[in-house]
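Shared between the two complexes below is chain A, which pairs with chain B and chain C, respectively.
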Partner chain A sequence: MAQQLLNAITLGSIYMLFAIGLSLSWGVLDILNLAHGAILMFGALAVYLLAKHIGGVPFAILLPVAMVLCGLVAVLLERIAFRPIRRRVVDVHARELAMLIASVGAGATIVAIAERSTNNQLASIGPEVFNVTSTTIFGLHTTNISLIIIVLAVVLTGALAAFVKYTRYGRALRALAVDPYMCGLMGISADRMTALTMFVSGAIAGGAGVLLAIEQGGFEANMGESLMLKAFAVIILGGVGSIAGAAFGAFLLAIVETAMVVYVDGSLQNGVAFVLIFLILIVRPQGIFARRGWQRA
Partner chain B sequence: MSSWLTENESLIQSALVLAIFGYSLQVAMRAGVFSLAGAGFYAVGGYGAGALTLKHGWAPLPALLAAILAAGVVGLVLSLILGRLRSLYLAMATVAFDLLIQVAATQWKEETGGPLGLYGVPVAVTTTSLIVAVAIASALLVWREHGASRRTLEALRLDEEVAPVLGIDVRRRRHQAFVLSSMLGALAGGLNVMLFTTITPHEVGFNLIVSGLTIIVIGGISSWVGALVGAFIVTWLPELLAFSGSWRPVIQGLIIVFAVVWFNDGLVGVARRGWRWLREHRPRARSVVSESVP
Partner chain C sequence: MQSQSGKRFAALAALAVLLSALVVAGCGGGSSTTSGGGSETGSAEGGAGSEGGGGSGEPVNVTAIFDETGIAALAGKPGVEGIELGVEELEAEGKQVNLTVQDTGSNQTQAVNLLSKAASSDADVVLFGSISAEALAMAPIAQGKGVPFVVQQSGTKGVVEQGEYVFRTTTPQELFFPSLMEYLKEQGVKSYSAVVATDSATIAELAESVIPPLAEEDGIEKLGESTVTTEQTNFNSVASQVVEENPDSLFLGVSIAQAAPAISALRRAGYEGLIFASGAFAGGGLVPLGKEANDLIWPEWFTAQTKLPEGKRFVAAYEKKYGETPVTFAGEGWDMTRLIGAAMDELEGEVNRESMDQALIKATEKGFNASQGQPLRFEERDARGSGFILKAENGKFTVVSEPKPGE
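Now for the complex of A and B:
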């Protein structure tokens, strides 16, 4: 039982790292970034390629480098697609649609690059980068990478939550979620805050991608796709833009999924997210923690 | 000309199927329903028609009709569930639906053949019957976008709060659009499996959403013609980009981004703007008059 709970916590940590960025860019910027899964995969790809071409770089350097690269990819996406659309398209619905389509195109581009560099096959990040060993902690079996995932998830999420809540930048970010126009009048650069949000969301997703690829022993170009469904469920459970909500949703989803695999049937695991999304949408469409527009982010 | 037609018959067939799929997404969006469920219903139609003919020995036409009907019923239920959702929430929920259908297609092995998909579905659709199907679907859209019905859709799309003031039953109209979109999606999927004899989970996931949105963005959603134009371009894109070799998928993705940023209303929109520009710039006399005014 405790063993299963530990597995669920590892899974939930991955969900949390992935969903936070998606939730943040939606809550603050009104972008449903369907390229988020591709950015997660790009983190794994970056480590894979770096390790292949420049050997001998320690993991403690590779991980942050990959995270920064993913953050930059997200910023690039903002600069070449989202910002021009924001400038050109006035109608809110048309703008949301255009940004969604742009993110789909960008995601497809990133996945195509990955398919090309991995020859469409399962690529693995070898033991020379990170040697996965099993350990025992409080009598429970686990691996060193699982522990790193859990610790990093807690640290990064906590840091991000504190950043949004207590710093001047965080306050500006929350203001941006409420009224971008007013932000301009108050001297907040919407462009810079937007780029910052995209960078943070991309970097965290990239980190999650690296860790996930190591934990699973390899990655494919479309590894992010199935995670999108999970992230949707997490966001709907926790409420858009809420970091605490995303944490809650991620662990709830992971625990229910693990329970499903253990006690019912493994093939039902992927259906759980969907059922949760629909239950919440029917019963409580505003999410479990109801938040109004001005509370998003 | 006729030799070109026979050489490219399968491409033309794919383009026509994609056109119906494009209609499916467009019908919803033009009524202001931000739904991408068409991809999921394409799978429902494809697997439904395929499994009924292949595993249960149904005749092709009843199987296709049953699949479309089933999609319509599922569409109505889904529409009722998602009725309260708008904009990004609806887009997300419908993408979730598409992904779930893909998962179901992979795991319900008895009916769907699992990850390998269904293959060996009897060919039951000819190019002629396909053209008839596209013509009927196009006629339906033309009829829907004619006169008062057109204005109703525009009101729904542009301002949902004003629409009820004009006597439009918003909920019913949105359900209608959603169900019509589901059935068109299923029609496209069913026709596809009866033309090309196979369907796999890989075809109906995120890739299908990507092609659907490419059709929408290249053709434009300002008119139903956009889906038709977009479908043909999407189908021929791989050939047009053959020179780029292994970079082709990358370029295809970039084209979507470029098109959506710079040609937001698609080729149909560009053509319309060009036409308007020509009409405004032809008569010289008028420009002289306007210059003389201080």
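Now for the complex of A and C:
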């Protein structure tokens, strides 16, 4: 039981790292970025290619480099796709739909690049980059990478939550979520804040991708796709734009999925995400943590 | 007005991004393929008749529908590479093949659509690999429309059984398991547990109908079973369950894309026993696992370590063309073209679907030299090779058993 709980915490940490970035961009910017899964995978791809072609670079450098690269990819996506759409399309629904479609295309582009780079084969970040070692803590099996995932998930989520709540930039983000036009009048650069949000979102996703690829022993081009459904469940559970909600949703989903594997039938795991989404949308569509309607940041 | 031009721009911007995705996905070296469309490789030039032997001498139109992208690309892409190499060799032998390659995107609906389109085209033969669910959906259509349909992998029941237009050039892997279980018994294995991806028809069949009676026969007790799906990538919970059961061996019935994460999770959770798997794990990125993959054994239809002369010839040609060692799917794809070549030798008169089908039947009745066997024999259009049993040790694969020439 305790071992499975630890497994659930590791799984929840992965979900959390993946979902908070998506929740941020969705909650603050109204961008449902379906390329988020591809950006996650791009982080792993970046480290794989850097290790392959340069070699000898410590993991402590490779990880932040990959995160920066993924953040820049997200900013690029914002600049060339989302921003022009946002500026030209007045109708809210048409704008959101266009950005959704654009993110699908962008995600497919990134996946296609990865497929070419890896020749459609499973690739891995080898022990020369990061050597995974097993360890036992209070009689429970875990690995060094799992511990890093848990710690980073907690630290990053906490830092992001504190940033949004207590800093001036965080207040600006919340203001942007409520009324971007008024932000401009108040001297808050919506473009700059949007770029910052997308950068943070992409960077966290990229970091999650690197850690996940190491934790799983490999990655392939479509790695991020299966996580998108889980991310939706996490975000809808917790409330769009709520970081605390995303954290809660991530661990709730992980615990329920682990319980399915242990006590019911592991092949129904994916169904759990669907059922939870369905139930929350009926009972509390704004999410467990949202105060009213869609809570922003 | 502003709203209209804004909407138009939004549509154009979204279309531009989608188009760029298609361009990146579609272009690149080697044969270019697009989903729903196709490209032709192979040539219709050269002499009208085949050199030496029988055959009509007319070109044969072959459409290969493979999972070149998506979750099954690990199998599909090498399969296409094997086919393209084989077609080049057929041309060098004076046999004209017009090859069109189409990508299913590992999507069953797309696979069926592509087959329907191929059935309406001038394709004389359709080749397919590898997902059982796709093959199960496609085979009845091919049989119904009288299109010779040759599959690789897709080892579940109900594919070849559709009728005389359906062929399978890989042995159903259930036939490899008696020797695999025998090996386990020799290693002193007394118990096993199973991790089964129940949404794979082939794997589910192995886990439910093939392995249990063999295990019982060999006195190997089943301790437990954990079910997963082929999309699952996190195996920590399952690994902890297996460790708790503590079997001597574990049947790992997952897709090859899941091989590395599953084995990593098991070893890191502390499982030290033998792991035996469903076929083709060598394509699943086992080498980077290093010692974590130790004591993994599995059946293969072909391996680059083959001692069969025809297999060695294929390996040399593949390495020369692609600069890397072929995995089993590449060998299987190449064998499909060997079947096409053998059938072309049997062809008499005009090339059409019926004559091609009859020629394929004759070729399978006679058998032909292939990477999987020398000769590769068939029963009712279904391959019956002996297969290889491989074992992973320190990042390398050793051959535990293999077919002999003439077997």
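The rule is short, and it goes like this: the second predicted complex is superposed on the first by the 292 of 297 C-alpha atoms of A that agree within 3 Å, B and C clash if a C-alpha of one lies under 4 Å from a C-alpha of the other, contacts with A are read in each partner's own complex, and residues count from 1 in each chain.
The rule we apply is simple: contacts are C-beta pairs under 8 Å (C-beta built on N, C-alpha and C of every residue); 3 or more make two chains touch, one makes a residue touch a chain.
Here the structure is a predicted model, which means the values were calculated and not measured.
Asks: Will chain C clash with chain B on chain A after the two structures are superposed, or do they fit?
Replies: clash
Asks: For A:149, using the defined touch cut-off, is the partner it touches chain B, chain C, both, or neither? Pick first, second, both or neither.
Replies: Neither partner.
Asks: Tell me the contact category for A:247 with respect to chain B and chain C: first, second, both or neither.
Replies: neither
Asks: In the overlay, answer first, second, both or neither for which of chain B and chain C A:93 touches.
Replies: Only chain B; A:93 stays clear of chain C.
Asks: For A:262, select first, second, both or neither according to whether it touches chain B, chain C, the two together, or no partner.
Replies: second
Asks: Touching A:203, do we find chain B (first), chain C (second), both, or neither?
Replies: neither
Asks: Using the superposition on chain A described above, determine whether A:34 touches chain B (first), chain C (second), both, or neither.
Replies: In the superposition, A:34 contacts chain B only.
Asks: Check whether A:10 is in contact with chain B, with chain C, with both or with neither, and answer first, second, both or neither.
Replies: Second partner only, chain C.
Asks: Looking at the overlay, what does A:274 touch: chain B (first), chain C (second), both, or neither?
Replies: It touches chain B, and chain C stays clear.
Asks: With both complexes overlaid on chain A, does A:232 touch chain B (first), chain C (second), both or neither?
Replies: first
Asks: Which of the stretches 110-118, 146-154, 164-172 or 272-280 of chain B runs into chain C once the two complexes are superposed on chain A?
Replies: In the superposition, chain C collides with chain B along 110-118.
Asks: Enumerate the residues of chain A that count as touching chain B in its complex and touching chain C in the other.
Replies: 81, 84-85, 88-89, 94, 97-98, 101-102, 104-106, 108-109, 112-113, 115-116, 222, 226, 267, 270.
Asks: Spell out the residues on chain A that touch chain C in their complex, using ranges where they run on.
Replies: For chain A paired with chain C, touching residues are 3-4, 7-8, 10-11, 14, 81, 84-85, 88-91, 94-95, 97-98, 101-102, 104-106, 108-109, 112-113, 115-116, 119-124, 126-127, 132, 134, 141, 143, 146, 215-218, 220-223, 226, 257-258, 261-262, 265-267, 269-270.
Asks: Within their complex, state which residues of chain A touch chain B.
Replies: Against chain B, chain A makes touches at 26, 30, 32, 34, 80-81, 84-85, 88-89, 92-94, 96-98, 100-102, 104-113, 115-116, 222, 225-226, 228-229, 232-233, 235-236, 267, 270-271, 273-274, 277-278, 281-282, 285.
Asks: Would you pull the chain C residues touching chain A in the complex into a rising list?
Replies: Per the stated touch rule, the residues are 2-3, 5-7, 9-11, 13-14, 17-22, 24-25, 28, 68-71, 73-74, 76-77, 197-199, 226-229, 231-234, 236-238, 240-241, 243, 256-257, 259-261, 263-265, 267-270, 283-285, 288-290, 292.
Asks: Which of the residues in chain B end up touching chain A in this complex?
Replies: It is residues 29, 32, 34, 81-82, 84-85, 87-89, 91-93, 95-97, 99-100, 103-104, 107, 157, 205-206, 209-210, 213-214, 216-217, 246-247, 249-250, 252-257, 259-262, 264 of chain B that touch chain A.
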